[in-house]
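Each chain carries a letter (A, B, C, D and E) given by its place in the written order, and its residues are counted from 1.
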Amino acid sequence: MTSLRFMLYQLRRNPLSIIGIVIILTFIIIAIFAPIIAPPPEGHIDPYMIPRDGYSPIPKPPNEEHLFGTTEGQYDIFYGVIWGTRSAFRVGLIVIGVVLVVGIVLGSLAGYFGGIIDEIIMRITDIFLAFPILILAMAITVALGPSPDNVIIALIIASWPSYARLIRGDILAVREEDYVEAARGMGGSHLRIITRHILPNSIYPTLVMASLDIGAVVLYAAALSFLGLGAQPGYVDWGQMISFSRNWIVGPPGNPLAYWYTVTIPGLFILLFVLGWNLLGDAFRDILDPRLSRK
Amino acid sequence: AEGEEVTEEVAEPPIKNPTIFIQATIGDAETMDPAYAYDSASNEQIQTIYDPLIFYDGASTTEFVPILATEWTISEDGKIYRFKIREGVKFHNGNDLTPSDVEYSFERGMVQDYGMGPQWMIFDPLLGIGTSSRTDDGLIPLEDITNAVEVDGQWVQFNLAAPYAPFLQILAGSWGSIVDKEWCIANGDWDGTQASYKALNDPSPGGSPLQSIANGTGPFMLERWDAGVEISLVRNDNYWGELANFERFITKVVDEWTTRKLMLEAGDADWVYVPRAYYGELEDVEGLTVYKDLPQLTADAFFFQFDISPESPFVGSGQLDGNGIPLDFFTDIDVRKGFAYAFDWETFINDALTGEGQQVASPVIEGLSYYNPDQAMYYYDLAKAEEHLRAAWGGEVWEKGFSITIAYNAGNERRKTACEILQAGLFAINPEFKVGIQVQQWPTMLRGMYMQLLPVFIIGWGADYPDPHNFVYPYMHSSGDFSEWQSYSNPEVDALIEQGIAVVDPAERQAIYYQLQELYIEDVPSFIVAQLVGRRYFRDWVQGFIFNSIDPAEIGHVYTLSKEY
Amino acid sequence: MELRAYIVRRLLLIIPVLFGVTLLIFGLLQLFSPVERAALYVTDPKQFANIAEVIEKYGLDQPVWVQYGHWITEIFQGNLGWSKVVSQPVTSAMLNFLPATLELAIFATPLIIFGGIFLGSKAAAHKDKAIDHATRLGAIVGWSLPTFWLGLMLLMVFYGLFSGLFPPERLSTEMNIVVHSEAFTQYTKLHIIDAILNGNGRVLLDSLRHLVLPVITLTVVNLAFIMRLMRSSMLEALGKGYILTARAKGLDENTVVSKHARRNALIPVLTVSGYIFAGLVNGVVITETIFNYKGLGWWAWQSAVNLDISGVLGFALFNGVLFVFTNLVVDLLYARIDPRVRLGGKVT
Amino acid sequence: MEVLVETRNLETHFPILKGVLRRPAGAVRAVDGINLTIGKGQWMGLVGESGCGKTTLGKTLLRLLSPTSGHIYFDVPNETKDEMDLLEESAANPTKLQALRRRYDLATYPSKQLKAIRRRMQLVHQDPYTSLNPRMRIKDIVAEPLAIHKLMPRKQIRDRVTEILQMVGLTDQHLRRYPHEFSGGQRQRIAIARALATNPDFIVFDEPTSALDVSVQAQILNLLGQLKRNQELTYLYITHNLTVAESVCDSIAVMYVGKIVEIGTPIELFHSPKHPYSQALVLSTPIPDPKRKRGRVVLPGEVPSPTNPPPGCRFHPRCSRTTEECERLEPELRQSGNTSWVACWHPLS
Amino acid sequence: MNELLIIRNLTVKFYTYDGVVQALDNLDLDIKQEETFGLVGETGCGKTLTALSILRLISPPGRIESGSICFNIDDGDEPIDLLAIGEEEIRAIRGSKISMIFQEPSSALNPVYTIGDQVSEVILLHRRQELVNKAIETITALLAGRNSLVNILANPMRLAERSLYQKIAQNPHSLWPRIVGRIPIMRRLLQRLKDEAKKMAISMLKEVEIPDSERVAQQYPHQLSGGMEQRAVIAMALACSPSFLIADEPTTSLDVTIQDQILELLRRLKSERESSVLYITHDLGVAAQICDRIGVMYAGSLCEIARVDDLYANPLHPYTKALLAAVPKPGEEPHAIGGTVPDPLNLPSGCRFHPRCSRAIGMCREHVPPMHELASGHFIACHNYQGETGGSSC
């Protein structure tokens, strides 16, 4: 409790982290109230598909009916960005959640027991880490076929190794701490030592990275969608909405910025979302930095 | 009035790169080998580097002009074609063109017979429908191939297995290009022996010795092929005919539309590939010439699967209980008709195609011979659709509804829209008619069609040569490309198709193809979504564009183009 | 000496890793059914008639290990398959597209590394001053920017408003002809260097112009990363005892920062250079795609969207190998900078 | 005197991995043949310079480290020990020997068996800032050994925790706090409370006060004395502060590079050290009295590396009395008085 | 004896997020020429801060609020206030006139530079004149050498070097060395200075009894033992023969036998160089062995100052007494001081020791006791002794 209050106190102190919190809270509200903010039109079967107002390829500028205008193919931008918040959270939270679990399990095994287990797990992570995340995720989505779920799977496969590594490293550091040895000296079981002593003290850097990475994961997912490897057209996804704008970057000769809304609005949503998590993660890092925490 | 004229002249910007024709398109050529090439990007390059025996006369798809053949005869029974070869023609490397080069060109093609290449079009007439070099017993005898084409003095003779009406059209394609025998052999290509036949038959991708080199008699010579980036051709200054108007012909691969648009607007490109979605964007741009309403020989259609595989994941429960469909769902013609009436062509053509398309009744689309403009067709009529769907499956369909998933290939927005329109139409008739739409990767989709997993799929066919046979066969014949996947089989149709190719008399053929068009509407094995009509946007300084619907190059033949005001 | 054993060990470890890399890549390939893999060769449904023939010809229905055997043998012979999208063998595609990417990297990498280090140290040295706040904000926003969006926004501005200033692709048509003419020798295929070697100012200028936007796009995000890292590791270094010692010696603040703090602060930065490399590769894919800059990244993207599996896998393999070796180089550099590693004592 | 803990030829080596394959190439011989006997109720001090192996010895005794060879007997009757030695010498009945060792020799206990014995022996670390899990409350820290050994039902645990905390001078109010809310001295009390929770017989203190100020150190030392008297405890007290050892211990062992060189009572050790190293140690310990300037002999050189200790007597390179014998032969630890042992060829008298 | 350093009213505060920490409170302290002054006290009482204040090395969020530190650079000159002079001037003093040895030798040395580099750095900085003169001498000697081929080739270069050094010699603040130092190839011209500095560094290392000092000069800190590292640090501190040396717990992390060696070394060097030392420690034993006078600190202020014999024989302040009683002695239980050190954020009012003091009176709670001289040279800040002079009260 005390440390939580302390954390909140520290958070409050840092204006940037306040901004981060506000941004993320806003997005949470948007995600929760998406059906109210942007109700799906009647007869619309799947709310996660952006409703279309006709099939014309030419985007329409913001108007009363379409607050942010429409993209090519007449997908409503407002609806897309609002509901896109949900899919952003979905991708970010699921990927990071799964990766954390996998990373914690494998990282603990490797870090705590060491030896051959460690060697094997670390060589496997080496193999995965030999690929930049986006490239590996790209190859995996290609192999699995593009769909929002496969993007999630691909990002999980591509990003668990760095977590396993990070956790392993932190566990290695904590494993030698005196209180861990004290617990061993009391006869505590491996499970108890890992869960009560090692993880609570080594998990924080990972959690910080996780909070920073939620933004990064969403960025990767958006990049995949943008490259045409993500969701099917029309799925509520910011990256894809930007890819819709791709051919409308420059307007007609007299009015080069005619279609500014198609690229700017979804882009700003991504930027703010990622920025929010980064600010928050940064604040967390500052708070959890042992050098800064009080003695 | 005088002042106005002056300003107009001033408004004409100077011609950029007057000696070069620059086009920006998407997708690179796959090969420079005429026997292997089966994609329009390659075909386009090949047809400017190599010459065929004959070529279409202007915009016509039935009249020909002599190119490397100065004259030709067709025997009465339609089985022997003879061509007199032009004299004094030189290949780019200086070698002389001889009739044996012509013989070699076709025989070499058949010897190579790349499995996914165009050679079936040569085998079909010369050795009989459905043949290829590979059989279950191994390769067909080399003599069969060498006997099909013979040199007779300055003449070259083709011996057809049966009459084959569109044979001349086939010869006008890039697969009819004439290569230099001597040069080919020097470069490791077929040397006439059995061993080399075996070794070179069905190469892997890129495995042809002529993959990236070229030596033709055409108006341009291959200067540089920066794969994926650009192809640069230079003028053949020893061309046997009139020299081309450009010193260079450059094809740039530019995937990004915005970039292509800017290139065109700035005059850095003389022609760019404009996806139809962006026609509107160029509407008011100055300095461009646009050619509109050009019918394309390509048509997408919705295909019904008559015998869905039990493994299909797209049929819901697999029963007519409102949550799926039975595997033989589409054998009921009322279902098919109901679907056809539920498709809103007007919206599709006006919105998705921005009006650049037209509804056609059958695979015999406009621009092909024997196209029947008066053929009745389906139209958007929910009442009629309801009527048929009420009747289908003894009323059970109407009562319980159904749920299916239809598929289109990733990246094809047009087909996606078509699916959505069909979905909306059916939903409007009865909310229990649930259509899911599934995007699939191209190979996955192909597999789905091949393994009969897809209850309904949307796909299209582009012409190889401008003849109705090239369309009715895949769409309707029981062993046609699409209809075989559909398990669609109508013996009457099969008989008519086989007859249609074998008769020579145009009147007779017309009757047959009119009847096939009628049968297509009656049977609805599939229904055509639209025939596309296209546009071409050139810089206004480009002159001499001739539209021929079968031309693989959207700019037509670069040989006819020039840059001037 | 321990360091040599360490290097040898690192080199030996590369073998299983590379072996694993091929396994992983091949495993991905197995996610496609034989029909699908055969269909990868098909661009048009009319070519599909021969699918069974294709499956047999390429042995796609053979047991996995047999296929792996074939595949790996081919790879050892330098044959990574055929890249459909650019109609050439994967190996030659890589060779052809490498110079363009290299050119991009040659400009972006120093900007990223030196810029990041410079700004990061500046910010740390002036902690809580205006410059620090500005860099921090810039870094965090830069780090949050979606690369592709930044690229598109640049496109919007420079293609729309100032069109023609910084054009797409690598060279303009005229310069391209010049470069490929006989009068111009392509020593390296890096246009900049070739232009200098040929003494051709116009080509040089033209290729520089074409590099501006991609380099900016590529730089911003990664620069932000290094900057942040450098700042925090610099702050950490500045808190160390030896900094106090250096100050107590009477050294001026500049020397303290640049001589005593920076070198130590560089160590953690160096350890993540692997990530910078990964960031560059990620960025290259997107940047080249957006600016139609025909390099490895563009090719990888084309391969991916066109399901050119050999292309994607070839690129991944190439990357994997490159990355493993980059890390080795980083380790060696690390040993160079940090005597504790070089002279044993902290080698783990 | 009843013996509680005894080691025979105890050795703990840490392998040094070298080369491409990371093969062991030598070892840190941190504990290198130690025979130590601690009587029940004894407060045994262990002094020596940094790196000489004190901590390693302490941890090996508690089996937090596995010895390379040698035996550790904890509360084993002397007869049994002798029997085992006899059996080993004669090699007559290996199975029986093995069975006995399994049962009595702590050095060979598998981990399951260890758990039972852990209740009876505890360790208190040097640095109270790192020995308490920063993310656990005091009550959980102190209750943990009880929970691990399931010594009592949950409800009683709380009472017991309060009781122990009172014993070390802390109150109920502290129960719900985290370690960082305490000063160093208080933390060390908590660590001691944790060690006491299971009513152990034997506690190893690894420099428990070296991170604390003198005033706090005094508090802790007082507490330890008090607890020992009340709870009938046996201590092994590791320290490098000779004055502390002198003031509190019953007996002091001096360690040098993995070996014990001298054991004796504080008085013996301080007034008539027998080993030259002990003497140097005693003389270089600063005394807080400016008037008592000792006859200074600054010991030259540094402690040799335990990786390859000097041959013969390990102290000979720094010793002023070295003879040729010292360079060749290693002196055994021999009884030199009633309560004192020394390992030296030329002990001082 | 003259005062070398006079600290008056030194107040240091830390402005933390949790509040203001008054780390030093109106500290007064005199250090005489050639004496060793010991500063003892428990952890966190402000010993290190006092030392850092003298060098003006307190970094944010800490700040020297008020006070003066007057330092007698050369005998006879007006003492200068270290807190009032400019940044340049204080830097010239750091390391040359006043230098400091830090507590933890392993963190005081930069891990990425060799010992030789780090020692010669300070020589290069503060003994440039000497170096330049030596270098000129060497070059002149070389120029006068035989007319061998090597010499003929090298001489123009040497002439250039010499003129550069002469420029520096004429004007120590000349910009030349800085300019030359920036230009990659020209930098070689300054190499001779570095070599000279290296030589001096090695002789310095010899002086602190480092065996094999040539080799050690080329080693990195992690290759040395703690005792050797501390010797290197001492060499660094003494390289410019400072008149005032601050030693902040220089032996705390070392073993007794090594500590003994280091103390002996410091004692010798101090007497050889006739400098003053401020010796900070919390070990009363060490303080007794090495100091001439001792100041006892508690929570940011001094409570007692006396000559060493006086303090141990006759401690007056209750805190000093308690501290001495807490030191373990054979045969007797150490006496603990009750209570704990106050929270620096929340210091008690009045005398800071009063909550733990057995002799606290009402006044202690309200008024800070001033420091006054009870007997000659024996200063104390305690209300119990207010008004008394001389003698002991208990």
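FYI, contacts are C-beta pairs under 8 Å (C-beta built on N, C-alpha and C of every residue); 3 or more make two chains touch, one makes a residue touch a chain.
The model shown is predicted, which means the values in this text are computed figures rather than measured ones.
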Touching chain A and also chain E, the following chains: C, D
Interchain contact steps from chain A to chain D (minimum; 1 if touching): 1
Farthest-lying chain, centroid of Cα atoms versus that of chain E: B
Chain with minimal offset from the mean of all protein Cα atoms: C
Chain pair with more C-beta contacts, C-E versus A-C: A-C
Centre-of-Cα separation between chain D and chain B, whole angstrom: 89
Averaged-CA centre spacing for the pair chain D and chain C, given as whole angstrom: 55
For chain B paired with chain C, centre-to-centre distance based on mean C-alpha positions, whole Å: 40
Where chain A and chain B are represented by their mean Cα positions, the distance between them in whole Å: 44
Where chain C touches two or more other chains, by residue: 32, 155, 159, 163, 289, 305, 307
Per-residue multi-chain contacts in chain E, two or more chains: none
Residues of chain A whose C-beta touches two or more other chains: 228, 246, 249-251, 294
Residues on chain B engaged by chain C in the complex (per definition of touch): 17, 20, 22, 28-31, 38-39, 115-117, 120, 134, 202, 204-206, 211-212, 224, 226-230, 232, 248, 250, 252-256, 258-259, 262, 266, 268, 411, 441-444, 446-447, 449-451, 459, 461-462, 464, 474, 481-482
Parts of chain D lying in touch with chain A, wherever the complex brings them together: 59, 62, 64, 114-116, 118-119, 122-123, 125-127, 130-136, 144-145, 148-149, 177-178, 180-181, 191, 194, 198
Complex contact set, residues of chain C against chain A: 13, 16-17, 20-21, 23-25, 28-29, 31-32, 136-137, 140-141, 143-149, 152-153, 155-156, 159-161, 163, 236, 239, 277-279, 281-282, 285-286, 289, 300-301, 304-305, 307, 309, 312-313, 315-316, 319-321, 323-324
Chain A residues within the chain B interface of the complex: 43, 45, 52, 54-58, 72-73, 145-147, 228, 232-234, 246-253
Touching residues on chain C, where the partner in the complex is chain B: 32-33, 35-51, 53-54, 57, 82, 84-89, 93, 96-97, 155, 159, 163-164, 168-169, 172-174, 176-177, 180, 289-290, 292, 294, 298-299, 302, 305, 307
